[in-house]
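Accompanying notes for the structure given below.
Labels A, B, C and D are assigned to the chains in the order they are written; within every chain, residues are numbered from 1.
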Amino acid sequence: MSSTFGRLFRVTTYGESHGPALGCVIDGCPPGLALDLDAIAADMARRRPGQSKLVTPRREEDAVEVLSGWFEGRTTGTPLHLQIRTQDADSSKYLPWKDIWRPSHADYTYHAKYGLRDWRGGGRASARETAARVAAGAVARQLLSERWGVEIVAWVEEVGGLAAPPVDPLTITRDAVDAHPTRCPDPQTAEAMATLIQAVRVDRDSLGGVVGAVARGVPPGWGEPVFDRAEALLAMAMLSLPACKGFESGSGFAGARMRGSSHNDPFALDPATGTVRTTTNHSGGVQGGITNGMPLTLRAAFKPVATIPRDQATVDASGQPATIHMTGRHDPCVLPRAVPLVEAMMALVLADLALIQRARR
Amino acid sequence: MSSTFGRLFRVTTYGESHGPALGCVIDGCPPGLALDLDAIAADMARRRPGQSKLVTPRREEDAVEVLSGWFEGRTTGTPLHLQIRTQDADSSKYLPWKDIWRPSHADYTYHAKYGLRDWRGGGRASARETAARVAAGAVARQLLSERWGVEIVAWVEEVGGLAAPPVDPLTITRDAVDAHPTRCPDPQTAEAMATLIQAVRVDRDSLGGVVGAVARGVPPGWGEPVFDRAEALLAMAMLSLPACKGFESGSGFAGARMRGSSHNDPFALDPATGTVRTTTNHSGGVQGGITNGMPLTLRAAFKPVATIPRDQATVDASGQPATIHMTGRHDPCVLPRAVPLVEAMMALVLADLALIQRARR
Amino acid sequence: MSSTFGRLFRVTTYGESHGPALGCVIDGCPPGLALDLDAIAADMARRRPGQSKLVTPRREEDAVEVLSGWFEGRTTGTPLHLQIRTQDADSSKYLPWKDIWRPSHADYTYHAKYGLRDWRGGGRASARETAARVAAGAVARQLLSERWGVEIVAWVEEVGGLAAPPVDPLTITRDAVDAHPTRCPDPQTAEAMATLIQAVRVDRDSLGGVVGAVARGVPPGWGEPVFDRAEALLAMAMLSLPACKGFESGSGFAGARMRGSSHNDPFALDPATGTVRTTTNHSGGVQGGITNGMPLTLRAAFKPVATIPRDQATVDASGQPATIHMTGRHDPCVLPRAVPLVEAMMALVLADLALIQRARR
Amino acid sequence: MSSTFGRLFRVTTYGESHGPALGCVIDGCPPGLALDLDAIAADMARRRPGQSKLVTPRREEDAVEVLSGWFEGRTTGTPLHLQIRTQDADSSKYLPWKDIWRPSHADYTYHAKYGLRDWRGGGRASARETAARVAAGAVARQLLSERWGVEIVAWVEEVGGLAAPPVDPLTITRDAVDAHPTRCPDPQTAEAMATLIQAVRVDRDSLGGVVGAVARGVPPGWGEPVFDRAEALLAMAMLSLPACKGFESGSGFAGARMRGSSHNDPFALDPATGTVRTTTNHSGGVQGGITNGMPLTLRAAFKPVATIPRDQATVDASGQPATIHMTGRHDPCVLPRAVPLVEAMMALVLADLALIQRARR
């Protein structure tokens, strides 16, 4: 525990990297949702390794099987179980490292916490765990889209310090994001990032970066003060992702350097719709922890990948100094694959808040 | 909802800014804790407005009364209720604004969410709500200190873009932080911040900034993957604070610009204690969502205060354009008072994780 | 813990019998409910000791103060805090028993669980704790009545083996129940019960009994399979009451002796309303854990009061054999006062299920 | 929702009767438990239909596959997933009834709640759902046995009004229970029950009954007042089972007819162990909602099976009067198969309370 997320749209995930299966059980998905399995498969494909030469060549089919909660093409309101059977798991490569703590991996902390661990492929701490989140997020996304018209898009904003020019959260599309394997929507920066990633791979090193994201169409009123504020849950959602070390809502850290007079978002009436809006959006669509109808914007920072094919100093399980040299498939940069993760977690938060708010009035 | 935080050390807060009382009920505080009421009062005093000319002159006694769960000086294991009666509430100043949305306040969003709101003093959205958190956090802090020797210190790192030199998380003390009203432990930067705050006050504007924090003495093994990772809960805790817009764990956004070879934290044996440690701490004391025994480090960004005594464009409750000019007491900069809030939320997260881990083995 | 009940209509209670105050915080009460404080006071009065010579003469004002979540006569959607200050607490009578385990009280188990206990007046284990539940239940009742037209009535069905003739759940009213101090709506049985209670009091003994209850107007669709079935939550709610040892939904234990052919409830169309109903109601208004639109019926058994003014064999805190002889005010029979408790808990369950179902569609 | 049970030992079940699979995810099972898969299979076999001519001939292999949370024979502390693939599902028999509400089944209420339902084999409302609970309960039972020496035994006490002589909760064994297909440990009553069940089957009718249960070896201190009392959670657990309509803890409804002087359980010192015990056990091992070290005893009433092969009056989905005549395999009496369900739910409650109490001190 805790592998459960959400209060009314409640997702429980399970599964180890090299175990027979992983997946998610969604308890609380409203009934009658026409699940688009192709769209789920498409979301899964975006997370899957081996999409381009920029990412790890491990092949995973990640075929999603719906085992419950689904009848004649629609959700039934009972627990919806999406399962992914493991295909391509060769644990032998991990055998030499099972008693050595890989630096900045979770080997040591899992051992310290549980007293034992499934070392095959990183076990539960593997990023492969996020496949279950993407599956769950795909359902949440469809729910948000069908019932509220909410649209979520994430993109790569920065890789290894290479930052793209600001993205317009009002207009950015998934197609624009997916146009380049880096998932950076600025073509020029995308190319530079690809070049950098390849150079770092050759250098047997790794990179981190920043993902930006927006949710458009979120109505005012979502978010549960004082603790389950929209921003708080989004922050939790992002920091629950492997390798995520930072989160910003709206203006974020840059906002902390502004004056109130320029940071405050003036209210105005949208002449087109007759609804209240703000003329700027430093708040990132959330005020007092509650959505205000403006686009929700966030940024998530991911540290460089811990697995690097170099000699690294560490200790083994008995506390003796050791040198580890990891080989085998790995991503030099997770950022392109972090995009669907950010979207999935954002969808899980919003689906939950939507249902909670609907219960209220 | 949700005004409850935590799973085993579970805090529920209540209260509006100008209501008769606010407070917290802690359900799950272990029995037998010798509660130090003076230490609670000291923590409350640090949050209280009117501590210096840098912050709002509103006087609040914030006397904490223990109404339950406490007997003969010790907690009993039953719900511990800390209550603060309201003293100095003059709601009349808020009357003119009750039907105008103050920019970057929560007036509009509370109205959109609930259909009505207690406008007196900001109601539930007032930062005064955090008094209950500080009270709860003071209990959590004492529990962490007594049972696990954990020590939490936060400080002001940046105000309005003025950044202090890096603080050593291993040695920083609360005394050093409290030595200056800004709670910036670097005397020179502290003075510059004070000057800036006063200048901005004269300019009828406001400032944001960044708080840094550390928890020392946290043992390995706290944190609940995959969703309730230590970092995820800390992020949620920080972003649940009013005005918080950003969070970093360990290396944060800067880490996203590093290479894996320099970001990875090598393990080594501490010759003094015989325990595993890392020789650097870019991970901020957490790996795979679980504490590794190193100091937990985080940063939280706070936007500039929304209340500024200037003309601001907005709309009123009927959607008509309006100009608002707020007067009365307010902080030009919340940062010094954010320090105890960050500490309190950090304590709440860690107390909860400590109890959950104790249940496991 | 756990002193919190419910998921969306979430009640946290606190307070010891002789502590300065007890009360409840309701997080999740929908906004805009016009709280009738007189009705709350009336509900409190029904629980209060000293209503008649049949019950304990302890006088408690039980005045409810609303400390938060309430503005201009309406709930605001933020935590609603109802507090009751303690008036008439003389702990000295409990002093002699503080180190002796009173038989069938919770002294020993609280000590075993927490290592220490507030022995004054029974501390947290006192039935006085239920005052907070009645206050919370009064709010839930108003919500259910205003928003869904639900009406809840409980009554005394049996005292010390004296059973009243079956009550018609369709027509029974609170007035009929309150017509006699025993709260048994059958006048003849009520008199016999009163006589029995007085005789048992003289005999320095105590009685138990059975409360029946109905909720009318509950629409189909409330209840959350598979675990949070309506019956399951009602059972939990009842057994969470002090002294409750048994629960029946619909036909209960008697139903276990029937054949399917007579127990099954045939469906029919109600010609008056055009809605589906059943022609019998052995199911007690719940099928598959979900309400079916018929009256919800239940029964709750309460054991005889543990406090009796007689010599009783026990052991003291050091494990030595001891004789205890309790004196002072007490109820020889809690049944009349159990009626509002049953209603309150029933209201809490239904309010929560109503909100959860509203979130779904 | 809610298909999740428990707070620290948290079980989520999923699956429809004729769906591809059902199972449970246990989040929070402590690491290092040597899972005995044969014992799990044995528990599953006890629930399985077709064990004797007394129960339905439907054949289900109910083979449990462990998909996660388990490594080298031990639990890892991560989510433990037990899955059962469906073997023998012929939905065609249910086709004629898909638009007719079967009396005292959950067809109508599921439809009313969710707007649609999986009608194949009863869908989520099928008793087949309990297979997942038995699997989860088997894990809980092993945990309780290994870590605390707790032993749980249930038995059939009454069928169709035929009641066995009182069972001694201190000595009853699973072997004695399983000695007869009825699972009534009194041979003479067991035979009479078997005869009755066969007669009722020939009569195309069905029976209900009562299951008794005990947990031995539970230490003092388990149970979480005021709402999550041990009895409250056990009551919820039992009433969450299909067809369960009544619950008793300890003396139950009979206790409500006793006097306090005979119902109170005197404390005494057990000379053998030096621990506190009670000389009688009307409390059923729980006082004030907390276990007192005595055997936990409970009874659960089950209504007669709703499926009977007779003409029954009902309405169809359009509200028109209809006659339904169900055919095909079914149990005339679920009681023998209810025994493992009662044990499983009891184990789930106790495992959870054990972990929560361990967190406290």
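Basically, a residue touches a chain if its C-beta (ideal position, glycine included) is under 8 Å from a C-beta of that chain, and two chains touch if they have at least 3 such contacts.
Just so it is clear, the structure is predicted and the values come from calculations on it, not from any experiment.
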Pair with more cross-chain C-beta pairs in contact, given B-C and C-D: C-D
Rounded Å distance, chain B centre to chain D centre (Cα mean): 46
Chain centre separation (chain B, chain C; CA means) in Å: 39
Distance from the mean Cα position of chain D to that of chain C, given in whole angstrom: 26
Per-residue overlap in chain A, given as positions that touch at least 2 other chains: 1-4, 7-8, 13, 31, 77-78, 113-115, 124, 225, 356, 360-361
Touch-based graph of the chains, sorted into line, ring, star, complete or other: complete
Sites on chain C touched by chain B in the complex: 1-4, 8, 10, 12-16, 19-22, 25, 27-28, 31-32, 65, 67-69, 71-72, 74, 76-81, 83, 113-118, 120, 123-124
Contact set on chain D toward chain C in their complex: 1-5, 7, 13, 101, 103-106, 108-110, 112-115, 124-125, 129, 158, 160-161, 200, 205-210, 220-229, 231-240, 242, 244-253, 255-261, 263-269, 274, 276, 278-279, 282-284, 286-293, 301-308, 310, 312-315, 319-321, 356-357, 360-361
Chain D - residues contacting chain B, complex: 7-8, 30-31, 77-78, 225, 355-356, 358-361
